[in-house]
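First the structure, which I've put down as structure tokens, then a few questions once you've had a look.
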Amino acid sequence: MPRLIKKRSQKAGLPPGTLVHIGDVRVEGAKVTLISYDEAHCQEIEVTAVEECTAFRDKPGVTWINVDGVHQVEVVERIGECFGLHPLVMEDILNTDQRPKMEDLGDYIYIVLKMLDYNEKRDEIVGEQVSLVLGPTFVLSFQEMEGDVFDPIRERIRTGKGRIRAMGPDYLAYTLLDSIIDNYFAILERLGERIELLEERVVTRPTPRTLQTIQTLKREMIFLRKSVWPLREVVASLERGDSPLIKESTRVYLRDVYDHTIQVIDAVETFRDMLSGMLDIYLSSVSNRLNRVMEVLTVIATIFMPLTFLVGVYGMNFQYMPELGWRWAYPAVWLVMLAIAATMLILFRRNRWL
Amino acid sequence: MPRLIKKRSQKAGLPPGTLVHIGDVRVEGAKVTLISYDEAHCQEIEVTAVEECTAFRDKPGVTWINVDGVHQVEVVERIGECFGLHPLVMEDILNTDQRPKMEDLGDYIYIVLKMLDYNEKRDEIVGEQVSLVLGPTFVLSFQEMEGDVFDPIRERIRTGKGRIRAMGPDYLAYTLLDSIIDNYFAILERLGERIELLEERVVTRPTPRTLQTIQTLKREMIFLRKSVWPLREVVASLERGDSPLIKESTRVYLRDVYDHTIQVIDAVETFRDMLSGMLDIYLSSVSNRLNRVMEVLTVIATIFMPLTFLVGVYGMNFQYMPELGWRWAYPAVWLVMLAIAATMLILFRRNRWL
Amino acid sequence: MPRLIKKRSQKAGLPPGTLVHIGDVRVEGAKVTLISYDEAHCQEIEVTAVEECTAFRDKPGVTWINVDGVHQVEVVERIGECFGLHPLVMEDILNTDQRPKMEDLGDYIYIVLKMLDYNEKRDEIVGEQVSLVLGPTFVLSFQEMEGDVFDPIRERIRTGKGRIRAMGPDYLAYTLLDSIIDNYFAILERLGERIELLEERVVTRPTPRTLQTIQTLKREMIFLRKSVWPLREVVASLERGDSPLIKESTRVYLRDVYDHTIQVIDAVETFRDMLSGMLDIYLSSVSNRLNRVMEVLTVIATIFMPLTFLVGVYGMNFQYMPELGWRWAYPAVWLVMLAIAATMLILFRRNRWL
Amino acid sequence: MPRLIKKRSQKAGLPPGTLVHIGDVRVEGAKVTLISYDEAHCQEIEVTAVEECTAFRDKPGVTWINVDGVHQVEVVERIGECFGLHPLVMEDILNTDQRPKMEDLGDYIYIVLKMLDYNEKRDEIVGEQVSLVLGPTFVLSFQEMEGDVFDPIRERIRTGKGRIRAMGPDYLAYTLLDSIIDNYFAILERLGERIELLEERVVTRPTPRTLQTIQTLKREMIFLRKSVWPLREVVASLERGDSPLIKESTRVYLRDVYDHTIQVIDAVETFRDMLSGMLDIYLSSVSNRLNRVMEVLTVIATIFMPLTFLVGVYGMNFQYMPELGWRWAYPAVWLVMLAIAATMLILFRRNRWL
Amino acid sequence: MPRLIKKRSQKAGLPPGTLVHIGDVRVEGAKVTLISYDEAHCQEIEVTAVEECTAFRDKPGVTWINVDGVHQVEVVERIGECFGLHPLVMEDILNTDQRPKMEDLGDYIYIVLKMLDYNEKRDEIVGEQVSLVLGPTFVLSFQEMEGDVFDPIRERIRTGKGRIRAMGPDYLAYTLLDSIIDNYFAILERLGERIELLEERVVTRPTPRTLQTIQTLKREMIFLRKSVWPLREVVASLERGDSPLIKESTRVYLRDVYDHTIQVIDAVETFRDMLSGMLDIYLSSVSNRLNRVMEVLTVIATIFMPLTFLVGVYGMNFQYMPELGWRWAYPAVWLVMLAIAATMLILFRRNRWL
């Protein structure tokens, strides 16, 4: 899981719009790829000098520029200038600690959200900030590092499968959004499996480690919630907004994305409820265990304390103890002791302590 | 209870509107039945080829097509095409993990909700997704498997009892909705009985199993809540919406359904409150039991420890212990010990430990 | 307290508007009384045949028909037909599981709420559903059984005390509502007394029974809440609604009823908070008791275990134990043991365990 | 603290507007004082016969009539009639169980709220209901008993300090409101001191009494909340309302009062949070104490049980026990026992039990 | 952390608008500095007599007057009079117990909020109230003491770096706001580090001190929340308000501040959730520790009690105990005892108590 709060103190006192990267540097260099397509053609370029992009700015059709590595401030800056982004928007792209939000700046729409991945080795969610800029003929996407969930989309553009080549940049932006949110379900599936496993273990064999796992999952839920709740508003504003950048035909798809977002929120809330329930079970199973331990102790003590007392009595050294000389006293004491033990055991069984 | 999260990962990366079934396959094949009726006639057909439906599309009167088995993607697809459904709607019908919702698409209204059943053998709620499409002359209903709560409605259509034959498709859709929600009360009755039973048991004889039952019921409540809360909005939008597909005379019935939905929500919330209360009782009864165990232990220890000490004293082997030679020393020690034990018992009784 | 969920399953599958009574039958037969009055006259009839009412339907002045025993379906049905009630309204009157609500049906207003009574013998709240129908010249009231809080109103009508005879049916409906809600205060007074009593007992002498009483009261609160919260909206709609059936001069009285409803809600919430607080006290007093028990055990064990060990030492049978032959060894051991015991006691007192 | 629910049952069945006092009678007789002032003059009268007030009703300038002792029904009634109050308003003045509220009745505005005082001797909040009636030329104030926070205002009117003499009755009403709410801060200061004291004690020396104090403070908070939350709405309606009785120049002062009300609410909520936190600390310190007790017991038992067993072994009376005859057996046993005890102590210290 | 409630009682009874300082006096004297700038010039004055400011009041360009030490009532008063502040605004400036708020008074906008600092030595947050007044040509800022987060802004004004010199007073006010809120992130970073540290410790080595730290952090969160939540509304009103004092070009920057405020709120809520989770872990780790202690006790008791009983048996002094004379009885008893101990140990290991 990412750190709770990213270091922003380095930025204190700088004028607004100063471009400084906030967050961990997770990859060397930056990689810029450009795909330009319309219904008939499709062209793909690995950009080495940002200036190459300028030509595509007003080209008809759709141009999608993807940047991996936002810590390369000057790359983001030059692309931003080329496409006329506001300094505050560029600042937001560089600051990887953003809350998901959507801003309609007239000429373009800026969307920022989290792309999640599940690190199987360390069993934890890895988040990466993705910024999308939707303009009249282009979509810019900024990621923290290489590797994303967009490959099937690239494939669809290349092969012309589906309707994507026939649609505008708003449809492309929707597709990117959709694939990010769809990926949340994969994360939830993995978490759901872990929770179901945990649910069994908490009943059959609770250990302090179980508690820790519950707490870790709870923290993951806090993280997920923070990524997902604001998304609801983001997608709703996109769908209901009146920006001419989003065509009417795309809105029905955005409503679909909205439904998915609500489903993700629902699942997160359900998981939270279940984890709270497990904590209750865990705590009460600890109490139950204590009860069982104490019952064992009490049973043992209650049986042996009277017996030990009794044998102590006949270990006394008084000169005048008539029983000591009796012929059958010893076996009789054994009989008495067995009777006491048996009575106790019966009593305990009645109280269901055994 | 159904799984927490249904496998959607198989769908990742596919273009939107790609028809893939999500959920468990619970029945072989798909069964399509068609009922067409107006005030005078009523015709019922078991459809074998979907094309048979086309003829009924614009037929006056009401046509109700019911599909059991939405995993048969091509059946849903062909019916959808025949009645002009949007690809995203068809996708939603196939994805059995939907949150209850209502969408007014102009030509038709799409409603999706859960039909619940109580599996008496396994003592759990079984949910099935039902999609309703209300058009100007038809109602389509899609279910995951055979067996539903609609048989009394079919009977009413056949016999012409009640006003159903005289009314339009909006009334039929209302009747279907109403019978699904009415069935929730039957589920709640069963759960209510279990809760009342549990309430008694938690006081008289709490065991770790009781706790587990409380948790299971809590989970069922989470599931019920997820099915019922969004319904409120669904029914409210139907009632207050301005779709010409729903006639004014039907709205008063929808208000009635709305009231029922609120009642179901109320009952679910009441049950949740009661289950929380039971958890409190359970936990405190565990503590009480511990207290009782510890009191027994303390009573035993407090009585026998001093006595054992005393008999130990006279088990010492000192040469100069005058008491050992006294004539009545042994009975005197017994008297002292009885006195000690009696005093202790009286003290405990005063403290209400016995 | 009434059952959690009333049996509605008998109704499953019946067409809407089918009149079936839901709830317990609490009285034999049905009793219908009619009071017709204006400023000058007042006539009171015990109705035997429902048809007698028809004459009063359009009579000027105010006609109040009260029905005790809604399980007599045909009585409700015939009165309903006489006064032109919608089948769904009649269904609601018969279904005694309604949530408080108000419906403006144009020609008349339908109000349903709970009338509460406190059963002193069984120390519990008894609820009864009351339906009010306010028409242009009449008020109908339907109750589950005889016995209500309306007697002072009847008396006021008969004697012409207050302004009631001079006012229309809306004022009568207000008076009925007001007397039902005023009665809630009597219930709250009784519950308040029980809670204050409990509050003392939970501190001075908590037993498992105390916990059960807390839980019972909590359940009563859940029940009260369910009856009272929706009332707020009911009264607010009456006051702010624009039905011509309610005159402007009556609205100021309805605002008063609204204030009372809010006060009742406030009291219920306060009681709930207090009961939660008591649960905390109860649980912590159980823990405190355990602490005290364990301290006693520890004190006893810590004093006698070392002593028992010591006497055990001199009970050993070694041939070469010089102490055994010493003249003052025995008293010396006693002195040592007393010193140990005294030291322990002082230590415990310092730790405030005694 | 006042009782939870005041006896209202005596009022059941009476027609609305019947004037009956509800609440405790806290003072003998009623005291009516009248202050009439304008910028130039100021006249103060102790009223003996209510009729004296009539003359001041339409007198220019401001007339402030204050009544101490609302249980004197006829006094309230006659003043109410003189100034044209609605019977329901008079009923509200007499009923000292009102929730804070504000009602604009056109000719005058009725405000009811709680004036709080801190009883230093019994360490509890004492509440008294104050009703204010703001008319075009007069302000009426009704209190339950003598003694209030208005003396500085009276002084300011007499001496003409500040702007009060130059302003109208709306400013006077604001001043009264303001002084009541300002007094809440004094109460909060006292409670804050108690809470800070308690916070220290709960950490250093928690006793069952501490818990009780926490609960008492929690109850005071419930009471305060009930008095303060509705005030927010009251003051907001006064400020934003459009009554001509409140001049534009006074509204800025009301906004100030509104800010104070919010501050009071904030403080109450903060106190509630802190008291919840203290309860957590208390409960966990009880658990910690139990742990310490049990550790002591375990240490004692674990050291002495093996030793007692060992001395028991050599107390056995077998004829063939070679150790008994050995020369150094006795000191050897002592050495072994010391070694066991030392080992145990070291182990415990490692586990931090000592 | 500052006191819960500041002493306001000294103000009780004074007329509104009376200027009295509420809060701690934290600095001697008051320091007033004035910076006047436009795009071309920049002048900085340390003001000794407040009258010097008058000249700058209507000077074109921007004048920023900063006052350190609001306890100097007459300084605030004279500046307030010079710039035409309402008496209630001056009162708010002096009362350092304000809730963050924004008031548009037409000629100027008054903003009050908290500037936070982290006292590294005492590991706690220190809050100071800052009041901002934004007029058409001036910005006034009032602080409790010297030392603030504005130095980089002063530097930027002096050097003319960034756009600040070219912008109006609204941009200056924004910059001050922004730097205060940006500083919150530094506080959150420090708290985040402490929480992460604590999270580790609560799992590995929980002590009562840990609990206290959790509670202290919880209190800091309560304090932070109180400072931050109302800010949201403050900034939103500034951004969405229609005051001509704020130019359109500045609003986009205010939206940025708004986003930061939301991020701070998010972080505070996340921290609160995490601290609650830690409390759960702490409490359950205390229970676990008790379980372990009790298991040790039970193991010891269960092994040695039967053995002690057995050796007691052969310590009895009966004349007829055949075993006592047997040749191998003593070693046989040892064997039996070892067998018992071994069996117990195996049983415990199976139950995972060892």
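In order of appearance the chains are A, B, C, D and E, and numbering begins at 1 in each one.
Just so we're on the same page, contacts are C-beta pairs under 8 Å (C-beta built on N, C-alpha and C of every residue); 3 or more make two chains touch, one makes a residue touch a chain.
Every value quoted in this text rests on a predicted model; they were computed, and no experiment measured them.
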> For subunit C and subunit E, what is the smallest step count along a path of chains that touch one another?
Replying inline: 2
>> Fitting on CA atoms only, what is the rotation between the copies subunit A and subunit D? Please report it in degrees, nearest 5.
In response: 145
>> Nearest whole angstrom, what separates the Cα centre of subunit C from the Cα centre of subunit D?
In response: 26
>> I'd like to verify one number: the distance from the centre of subunit B to the centre of subunit E, where each centre is the average of its C-alpha atoms, in whole angstrom.
In response: 43
> At which residue positions does subunit E touch at least two other chains?
Replying inline: 283, 287, 290, 294, 297, 301, 305, 308, 312, 315-317, 321
> Viewed as a graph of touching chains, is the assembly arranged as a line, ring, star, complete set, or other?
Replying inline: ring
> Could you give me the chain order round the ring, subunit A to subunit B and onward?
Replying inline: A, B, C, D, E
> Taking the complex as given, what residues does subunit C use to touch subunit D?
Replying inline: 149, 151-153, 156, 161-164, 175, 178-179, 182-183, 185-186, 188-189, 192, 195-196, 203, 252-253, 255-256, 259, 262-263, 266-267, 270-271, 273-274, 277, 280-281, 283-285, 287-288, 290-291, 294-295, 297-298, 301-302, 305-306, 308-309, 312-313, 315-321, 353
>> List the residues on subunit B that touch subunit A in their complex, please.
In response: 3-5, 7-9, 11-16, 18, 86, 88, 91-92, 97-99, 101, 103, 208, 211-212, 215, 218-219, 222, 226, 279, 282-283, 286-287, 289-290, 293-294, 296-297, 300-301, 304-305, 307-308, 311-312, 314-317, 321, 323-330, 333
